[in-house]
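In the two complexes that follow, subunit A is the common piece, with subunit B as its partner first and subunit C second.
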Partner chain A sequence: MPNARVLRDIKARNIVNANEILRRAYLYVARNESLSPQVRHQAQLQLNTFGKYTRPTTVKNRCSESGRGRGIISEFAMCRYQFRLKALNREIPGVQKASW
Partner chain B sequence: MAAIRPMRLASLTQTRCSIFQTAYNPTSARTGAKYLRARLRGPSMVKYYPQEIDMAAMVRQWPELQLVNHAEEQRLRDVEDRKKRGKGAPKKAKRKEDSRRANRKR
Partner chain C sequence: MLRRATGVLTKWARYNSTKPSALTEPEFSASVIHGRSLYPPLQHPPTHRVPVALIHLRAHHPLHLDLFAHFAEHAAAALAIPASRPIHLPTQRSLWTVLRGPFVHKKSQENFERRVHKRAIKAWDADPEVVDRWVKYLVRHTIPGVGIRVTRWQHAPVGVGREMMQSAVGSLRQDTDAQRVKALADKIVQQELLAEKNAASVAQS
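Right, the complex of A and B next:
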């Protein structure tokens, strides 16, 4: 069972995914200078009604093993310590300790 | 060499836009096209964490298979043990005065 922060992040990811197309459409209208200011303002007001987790910037890559939020090696979706543990255990294909 | 007139340059850009099917936007006005052009990020965002098997949902979905959620059974056993040792959750207060919060020392 992942920890609460990871659960919250999963929730945010799902909500972002569900609202992305609609948000993009409103963004297009709001940022389009060729449309009338009234229409653009209405679109901006609609954008403001979206929830906190519909914004893609609320999503944070966390460690898929421990849930840690810092020191993430994004290629493996793991924090540096879990990456080290797994790599030394040879659980990550194609990764081995450097030696020369 | 004579300088090329701006009008000629503009018509050149216009022709280039019509050939390569790009939008002719001489004043660089913001059209918001970048929000439509950008790829959708949601599908890859959802796939970031590896899928976990939800045992509780499976038990609920197929009761005829008689699956056992070991983690949940263990949790319930632990709660029982804690209750026996008098370390269970406190009773819900019936009235406001009964609540532990109200009797708390400050």
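Right, the complex of A and C next:
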């Protein structure tokens, strides 16, 4: 069972994905200088009604094994300690202890 | 040029030697290189140097990679495809330095790396069907751990660009993200303008 924070992040990713087009449309209207200020203001008010999980800033890379939010290596979706444990067990293809 | 020629000569000394075939024992054992055949690999010289295919191989370790590149080269020679010897492309090396412990202790870290070794084989002049067979043969006998990418070039009839453009225009997708955003934004603007007009008319009346 993944971490609670990981589940929250998955939920955020799904909701952001679902609302991205709509949000970008409203943003386009709100930021468009050639439209009237009333229309822009209405668009901005609509944007304010969107929930927090519609914002892409709520999406955060987390460790797929431990759920840690810091020290994530994006290529493996794992935190540095889990990456090290797996790499030493040769569970990550191609990764080996560096020596030069 | 001269250096390269002498390198080839020492490699195939036994094959190229003008001495009679009876070599003395020390000479023979000095010329034996374990894993190498008596003769240089068969290579068909390209007739027009028109590129037909490029086989790009990648692996994390060069052992199976070199074996497969050798196999591909000899398969091409067997099918009479003018092909190059395996070309060694620069190795990519990614390095990750991570803390050894799960918490603090910044001073003790460990380095991990991942090397990607690359080889390429170029093929020229052969018939597309022959190249097709060669590629299918290679794909059928892949070694686990070696990735293959095949780039092929073929002759196309005159006017192929125009035909492709017409078929693409006929099936243009209207649903890329940017277009959807634009369409939605226009709809929103119209809705807002309508709402504004209604509000204005209500205020007037």
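Everything below uses one rule, namely that the second predicted complex is superposed on the first by the 100 of 100 C-alpha atoms of A that agree within 3 Å, B and C clash if a C-alpha of one lies under 4 Å from a C-alpha of the other, contacts with A are read in each partner's own complex, and residues count from 1 in each chain.
By definition in this document, contacts are C-beta pairs under 8 Å (C-beta built on N, C-alpha and C of every residue); 3 or more make two chains touch, one makes a residue touch a chain.
Note that this is a predicted model, so its numbers are computed, not measured.
In the overlay built on the shared chain, the residue A:S34 is in contact with subunit B alone; subunit C does not reach it.
In the superposed model, A:I10 makes contact with subunit B only, not with subunit C. Contacts of A:V95 after superposition on the shared chain: subunit C is touched, whereas subunit B is not.
In the superposed model, A:N61 lies in contact with subunit B only, and not with subunit C. By the touch criterion defined above, A:L47 lies against neither subunit B nor subunit C after alignment on the C-alpha atoms of chain A. In the superposition on chain A, the residues of subunit A contacting both subunit B and subunit C are 20-21, 24, 28-29, 32.
Interface of subunit C with subunit A (complex): residues 60, 94-96, 98-102, 110-116, 177, 180-182, 184-185, 187-189, 192-193, 195-196. Subunit A makes touch with subunit B in their complex at residues 1-2, 6, 9-10, 13-14, 16-18, 20-21, 24, 27-34, 56, 59, 61, 64, 77.
Of all the residues in subunit B, the ones that touch subunit A in their complex are 29-33, 35-36, 38, 40-43, 45-46, 48-50, 52, 71. Interface of subunit A with subunit C (complex): residues 20-22, 24-26, 28-29, 32, 35, 38-39, 42-43, 46, 71, 73, 75, 80-81, 83-84, 87, 93-99.
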